[in-house]
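What follows is a set of notes on a single structure, which appears directly below.
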Amino acid sequence: MAAFDLDNPVFVTYAIASAIMVLKVMGQGWMTVYRMMKSDSGLASPEDLQSGPLNKNPRPDQLAINDYVDRSRRMHRNDLENIPAFWAAGLVFTAVGPPGLLAQVLMYGFVAARLVHTIAYATEQRHEVRASFYTIGSIAVIVMAIYALIALIV
Amino acid sequence: MAAFDLDNPVFVTYAIASAIMVLKVMGQGWMTVYRMMKSDSGLASPEDLQSGPLNKNPRPDQLAINDYVDRSRRMHRNDLENIPAFWAAGLVFTAVGPPGLLAQVLMYGFVAARLVHTIAYATEQRHEVRASFYTIGSIAVIVMAIYALIALIV
Amino acid sequence: MAAFDLDNPVFVTYAIASAIMVLKVMGQGWMTVYRMMKSDSGLASPEDLQSGPLNKNPRPDQLAINDYVDRSRRMHRNDLENIPAFWAAGLVFTAVGPPGLLAQVLMYGFVAARLVHTIAYATEQRHEVRASFYTIGSIAVIVMAIYALIALIV
């Protein structure tokens, strides 16, 4: 049986987890847009100070860093440091044919950890909370990559 | 028929769009290099102030932020916030067997939107122009992920 | 024969290289954590100044940019600008059935170039060294994408 096929339950798990993470990453971009609009600040480029539908009252201080907006950018960056590696690790892990339960624990565990991390970051929880869920997600990805490497090389 | 096969026209569409987006992302890195060399500024690390073939006339202000160079880095960051999610969403979308025309509209639409976004950003068009093409690309990725999720779960 | 199958030596090469690059990216996150803990500085969010197990002696200057920590973040960013594009390019390149030796040269060449780039960046080698290995890795990805595009379109 081919690994990357809807008949393979591990691939289905991977595809569901991947698609949820796509929505997470894209949604983070829209959180940044929402926070820029709501706070009328945190703009990124000098030309954004032109008056127009997206900026009715331009002021130079709109280019300054605003933690409300910058927080969403940091969350986005944290996503980019973890989620594309999940997409790659999950694909290679799926290819080597792991047990279905292990795949579900690691993949849905990663998804859950990243969603809780997002809530912790957005609500400004203490560093230890954010770090704990970052760690869970990171370990899930690392385990998938090492599992695959061992299966491929040994 | 396997989904990830050159006999599948949706996969061929995905592969062409993915490869073009790879060249876009890598090209953005080279635009940053070009702008650093041309403006002789916008360097990222203190050790880059050593005299050498890449820096014949070192000065401390070369480490300051220069909008000409930083713009290319912002464009690159914007790519990273969108294009890897396209690679993942497109793969999962391909796996669930969408109609070929829908795949072409979403995938080539994404590629076109990102290329126009790049031009708008590089030429410092007003925020509304950049935002419009960002939105088109973002929606294409979100639609692919939701389409795949529905097919996988329902 | 299916392209994405462990019977295909090019896919095995891709999977090994991808998994190693997953560990590289995830490891870079842990280098940042290690450097934050060791230097007790370089924190990213205001709430990280709360006293707790991760921060026993909070001080406002912990939020200032610290090159020791920021260097690891720049290395991470440089990874994100290159490695996800490798994952995508390698997949598409594998799909079009390249010669096994070419795949090994490009994929393991990319991995080797990125690992040497990491060492050069971490040890603050001159710009020319870092740039050389960046270039090798970048060219490997670009060649894979162009090779795939030509095979897909022509």
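By letter and in written order, the chains are A, B and C; residue numbering begins at 1 in each of them.
As a convention for this text, contacts are C-beta pairs under 8 Å (C-beta built on N, C-alpha and C of every residue); 3 or more make two chains touch, one makes a residue touch a chain.
Just so it is clear, the structure is predicted and the values come from calculations on it, not from any experiment.
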| item | value |
| --- | --- |
| Angle (degrees, nearest 5) of the CA superposition of chain B onto chain C | 120 |
| Residue-number overlap at the chain A/chain B interface, same or different (half cut) | different |
| Inter-chain centre distance, chain A versus chain B - centres from mean C-alpha coordinates, in Å | 17 |
| Shared interface positions of chain C, touching two or more other chains | 2, 4, 80, 84, 87, 91 |
| Parts of chain A lying in touch with chain C, wherever the complex brings them together | 2-4, 67, 71, 74, 80-82, 84-85, 87-89, 91-92, 95-96, 121, 124-128, 131, 134, 138, 141-142, 144-146, 148-149, 152-153 |
| Interfacial residue positions of chain C with respect to chain A in the complex | 2, 4-6, 11-12, 15-16, 18-23, 25-26, 28-30, 33, 43-48, 50, 52-55, 76, 80, 83-84, 87, 91 |
